[in-house]
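Lettered A, B, C and D in written order, each chain numbered from 1.
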Amino acid sequence: SRFEYVKSFERENILLPQTHIIIRVDGKGFHKFSDFYNFEKPNDINALNIINLSAMKMMETFPDIILAYGDSDEYSFLLRKNCELFERREFKLITTFASFFSSYYQFYWNAKNSPEDQLKIDRLPTFDARAIVYPNRENIIDYFSWRQVDCHINNLYNTTFWMLVLKGGMTTQEAENRLIGTLSSDKNEILFKEFGINYNNEPEMFKKGTIYVREVNDFPIGKYRENPTIDNLQRILKRNKKSSINKYHCDLIKESFWNDRPYLFI
Amino acid sequence: SRFEYVKSFERENILLPQTHIIIRVDGKGFHKFSDFYNFEKPNDINALNIINLSAMKMMETFPDIILAYGDSDEYSFLLRKNCELFERREFKLITTFASFFSSYYQFYWNAKNSPEDQLKIDRLPTFDARAIVYPNRENIIDYFSWRQVDCHINNLYNTTFWMLVLKGGMTTQEAENRLIGTLSSDKNEILFKEFGINYNNEPEMFKKGTIYVREVNDFPIGKYRENPTIDNLQRILKRNKKSSINKYHCDLIKESFWNDRPYLFI
Amino acid sequence: SRFEYVKSFERENILLPQTHIIIRVDGKGFHKFSDFYNFEKPNDINALNIINLSAMKMMETFPDIILAYGDSDEYSFLLRKNCELFERREFKLITTFASFFSSYYQFYWNAKNSPEDQLKIDRLPTFDARAIVYPNRENIIDYFSWRQVDCHINNLYNTTFWMLVLKGGMTTQEAENRLIGTLSSDKNEILFKEFGINYNNEPEMFKKGTIYVREVNDFPIGKYRENPTIDNLQRILKRNKKSSINKYHCDLIKESFWNDRPYLFI
Amino acid sequence: SRFEYVKSFERENILLPQTHIIIRVDGKGFHKFSDFYNFEKPNDINALNIINLSAMKMMETFPDIILAYGDSDEYSFLLRKNCELFERREFKLITTFASFFSSYYQFYWNAKNSPEDQLKIDRLPTFDARAIVYPNRENIIDYFSWRQVDCHINNLYNTTFWMLVLKGGMTTQEAENRLIGTLSSDKNEILFKEFGINYNNEPEMFKKGTIYVREVNDFPIGKYRENPTIDNLQRILKRNKKSSINKYHCDLIKESFWNDRPYLFI
């Protein structure tokens, strides 16, 4: 028809080939959302389980995702470098991730909660999404380190803050004032001295967030290290094709996590 | 932390100011989705009601949407020209629309269907989304005309196709072959001569799709026509601030639809 | 060859169809350039003639340019709305404009100056370029008004500044201090009271910049105004095909300039 | 002024950080340009010298350029990975390169040619420019290999073609037909058997194009190879700061060229 010309106004962003794509989703207005559904403070295990299930399901749905990291109301997904999903069309990738993630979250929420705690139409969990491309391995490690440091800082703050309020009897305003200008060591001390809490003993999931990795089963890291080349890596992968998705709450900032899984970068 | 530099790799697309933004969502793999949940062929009223409810809820959620048009598994949303939602950041806009639309659809589906027809985790309704910007009024009319012509063409085809199969006893392959190269008039004739169906009498929702418009209540179109300038229009709107969202299945291609609602373009 | 894949890393920006494209070029480091070649202060007629000749030549070279406006070391070119030059590929458009404009400027400079004033390899005139798209007529008028206001402000400042220095015996620092916080009226008064200069009598080219317009010869504006529609305009243009490029130093901010030339916007 | 809002319609492309930027310029319509100025066929040494001088001058002007490769009417410039020229703003980069390159070419042409061979206003040398970013070392090698293979293929074709025409007495149409479907080996044979030309003995500049490299003086490649890490490389560079721009017509496709200059990739 004579109207078809309007289609030509569409544009595409093709994400740069041979770069590592990360897609991060983040809950929209989860401050209010967590209030509305009475999340435990500072960490609601139930809600974390649901966002984790959703992330795990994303990995099952999209084989190009090789690693996922999340905490609070956000998750970051690393796609394999040679990913050709939607021919790397950015709009398709990010809207599809936003749509699936929201859908899984809603589904699992209702499945894991009792009838009286089902989601309400005017307060559904929704997520924005963005894609970022990184040229090299170092950037990827730095990216996930950035998110994990952020998780740590927020969690230490929130843990102390809510102790002051819930156990210490402060108002939220008083707690906020108390924490202005404090260092990590100060917060650790407040927790320990005033509430007998050793922050190190807090649950790993709260302190470190959650990692899912698509791991090559029984990857012979020793054999790889004998000859750490791409060719050798590819030869090893040809013989070790089986993989599974595993869950961790470990340290991502240490290089060893990445050194042990060289296949994440090819 | 020393990792923060990774944030600087993010980019933004700001949609051109003073243009009309249209965001179109489209169901992912609804061919399979409609099969899986046994949609009526060619049109499942139940499913159409659900997508329409979702679109209506979008309009309530986002006051910047002034018109929505949809059929099959898609909906197009027109935002007001001076919309500043998310400062016109494209990624935020499209991922938020994809996320909300999927969320509403899942919610309404489960609300409107019986317990045995609830959605399954491996077949959730998801949607991609894209934004397109148009510089002028004519483009907007042409855009919606394009979608409505598409609706008409598909519906006439599907109606005839499924008549041939469901009533005419053809296999889907035979029906397809029968329709190759046929004109609209041929399909109208098949429907009428072979199945006694006057296509004109088919439900308007199937033939024309569904329109939601945010309408100024009792807009004095006569007063506007006496002096069809932006200044006059703005003066009128100052006195007529109340609006409501109304639903139609009417012709969008005729200029009169748009002439009657000059406020859609400012 | 196995290397061809590298070509696929190229990207394109297609400028939004049916918008008005403006390309602005601006001299790189003309502060130093004008010093090096001893420009008259504040306005070097010779240099202005050369940049004007270059702009005029651009219009002869690219029939899609319908208007050009320039002052100081910059020029803005308006392309016709339905321009398809390089299929509206932004990179091609802006690099071609930067290249041609620099080339013409160098050529005319050497042609119009004496052998001892020829350009030196380490101080050649170069220009950056950028494209901006605007959706409507009003934006275009505002754009050129913006540039002309800028010309006026700079010229009034520069005229006063250099009077204070060259005639008033101030150092450049003293002149700068003297002008801090002054209004237009203050500068007019300084010029008049201290130097007997009526700013209004300054050359129009300095005050208003230079405009080239591709004008329809003997455009019957009366006939157009009887029926100011696009159809009528197109009918008139079919009968009046001859055009010529004319030069002005007039006011662009007054609507009349644009009202008299309705063909600039189609 | 109330017009300033138009500035907000400008957009920027920031080239992805930590990627290698290549900017390629290519002569506009050099088919006609070379005809007009009577270039020698297939290779005009004079013209090649001028384009080479222009490229060399680019490297002196922009210290971020670390390597340049060119042949025919094109040149590709490799910028150092951490280049921050114009904050990596794409439009600034490509228009500046187009402008400078055109300017240098015009300058050198007129400087190196006799008064009767000076450039004419209606046939000035102009260049488009584009930027491409590559994530890794291998891409860069492949990019320059791609250009050098292209140079080789074109030069072998052109050499044979013009032999057939200029020495073999064929029309250009006959020569074209003769070469359709021929392999490299066929063309080598035509040159040798029919014209006594051993293609291997043709000038290296024609066969391989021209390379400029910003080289670290007396780079102790042995010391680097003892410990081929970035840290060691950076330590070596701290002690060897002097560099010079050298010219080659050698093979870029062999890895050794790149292995000998590890500093090109940091």
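To be clear about the criterion, contacts are C-beta pairs under 8 Å (C-beta built on N, C-alpha and C of every residue); 3 or more make two chains touch, one makes a residue touch a chain.
As the structure is a computational prediction, the values presented were derived from the model and not from experiment.
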{"item": "Common touching chains of chain D and chain C", "value": "A, B"}
{"item": "Steps in the shortest chain-to-chain touch route ending at chain D and beginning at chain A", "value": "1"}
{"item": "B-C against A-B, pair bridged by the larger set of C-beta contacts", "value": "A-B"}
{"item": "Relative to chain B, chain with the most remote C-alpha centre", "value": "D"}
{"item": "Centroid spacing, where centroids are CA-atom means, of chain B and chain D in whole angstrom", "value": "51"}
{"item": "Interchain centroid distance [CA atoms averaged], chain B/chain C, Å", "value": "44"}
{"item": "Between chain A and chain B, centroid-to-centroid distance (C-alpha), Å", "value": "33"}
{"item": "Where chain A touches two or more other chains, by residue", "value": "5, 9, 16, 133, 139"}
{"item": "Footprint of chain D on chain B - complex, ascending", "value": "5, 8-9, 11, 14, 16-17"}
{"item": "Chain C - residues contacting chain D, complex", "value": "1-7, 9-10, 13, 28, 57, 90-92, 94-104, 106-107, 110-111, 119, 121, 124-134, 139, 142-143, 145-146, 149"}
{"item": "Residue ranges of chain C touching chain B (in the complex, touch as defined)", "value": "16, 18-19, 133, 135-136, 139"}
